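Here you go, one structure.
Per-chain residue numbering starts at 1, and chain names A, B, C and D are given in the order in which the chains are listed.
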């Protein structure tokens, strides 16, 4: 189940090609994660500040399908692809409703660490909130047994 | 054969975790491509401005292996992974010599387009310069037949 | 009369000090101008793309009064300070409602140019729309005669 | 006495106008401060990490005189304008040697704070190193008495 956030392309996000610079999609994905957490009932800031659980990015990927332009109103879709005890993967889709165009698709994989950069388990209550309404367990049946 | 460029981490590239924000690696990779072209005898700006051949990013990927910090002096290694008539792939490695640490590895895939965003072939003279000293043809023998 | 836009601080906008990096306020100011234009009935993109009138930044200034943090919900206030035939100045205020704190104040001065970077007059219809509801003429009485 | 650093414009620093986005000059100014400190014998990182003395930006200003473009090789000149016990001001000039053009001029004012964001005095040894070779005391004679 995708979580959706609207965003409007900023001038500073464009480059001399006249389109959104490809690095900004990762900033948007991060925005999507932040809003996804809020929609699940908690703030990622609190998770970091109060519980010392940080989601460092271990891998990131994006496929650019169509350029986005300044002032475009976009729909950013965010979903959890996978939760393991020490890692989470999110997938994203950037969509432009005005002409029904998929702009980009991406994925990020995160490791849970504490303030000393040691790998820890995701605190249970966050895992529970993140899983709410998720169909994650059905999304990757072929992964049993895990790779 | 890797092309190497030095870069020093800017303050603005860090985030509240105290490390380089993951989106900046893609800005560095782009810097690597730019320096790679210059080392092959041409400017990517000229290719864009004079020949109207643009390398739009079609896919980007990065694996983050160790965090980088403000003022770290890093070695950015860039190499061509593959040249096809209408696409080029680059691979990258970010390395910190002071403690012999691989910081990140990445890849970007580019499509050659003209100013009207139509796919074109990479002008031959740029292809020749890019291939100089490359062992690309030997790097992916298993790709025949293509996957 | 201030135009107000809400914005939420992005993770990527923070730096290792744990606060919003000071360069991002200028990106926000630009966002404020964009939304200001929209509230006056036109899109800054159209002005650029259709009428070839560009507002290049000639000067920018910001005073930072209190730090902003990740996920802060801020109010960005934008107003025209002055319109001359070939220049426009905007002023800005960044405010955090949750604790009634002024975060920053700023100003930008813009010159109107065409696509060839030649100074031109602001097209009359944009001037008219920008001035709607403005009390600009009363704001700077001491400027007559102009400096 | 200006400290000089070379920098080359990155693609990601341009915007759809085809020139360097105005917010990036503040990132460059910061780079100039960092290199200025290094040229005076210390690392700004160490000052922050080891001595807990942070230079938060209180004000920033830039005048844009001529646009800069992708791959331009620029000279960034940095100088201290003023040191007081609890504040420092830097001035900057961005210059393009290839056509002898001043691109921009700017200034930033900084307050010295500790990790708890309390104003402190600049540690003496840093003040001494920053003042090395400075003609600051002669630069602002009219400031006695202070305005």
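Everything that follows uses one rule, which is that a contact is a pair of C-beta atoms (placed from the backbone, for glycine too) under 8 Å apart; a residue touches a chain by one contact, two chains touch by 3 or more.
Please read these numbers as outputs of a predicted model, since none were measured by experiment.
The chain with its Cα centre farthest from the Cα centre of subunit A is D.
Pairs A-B and A-C differ in how many C-beta pairs touch across them, and the larger number is found at A-B.
Averaged Cα coordinates give subunit A a centre that lies 24 Å from the centre of subunit B. Centroids of subunit B and subunit C (each the mean of its C-alpha atoms) stand 36 Å apart. Computed from the mean C-alpha positions, the centre of subunit A lies at a distance of 30 Å from the centre of subunit C. Annotation for subunit C: residues 11-12, 19, 23, 27, 30, 70 touch two or more other chains. By the touch criterion stated above, subunit A contacts subunit D in their complex at residues 11-12, 14-16, 18-19, 21, 23, 69-70. Taken together, the subunit D residues at the contact with subunit B in this complex read 10-12, 27, 30-31, 34, 43-45, 69-71. The touching residues of subunit D, when paired with subunit C in their complex, are 17, 22-24, 26-27, 30, 54, 56-64, 67, 117.
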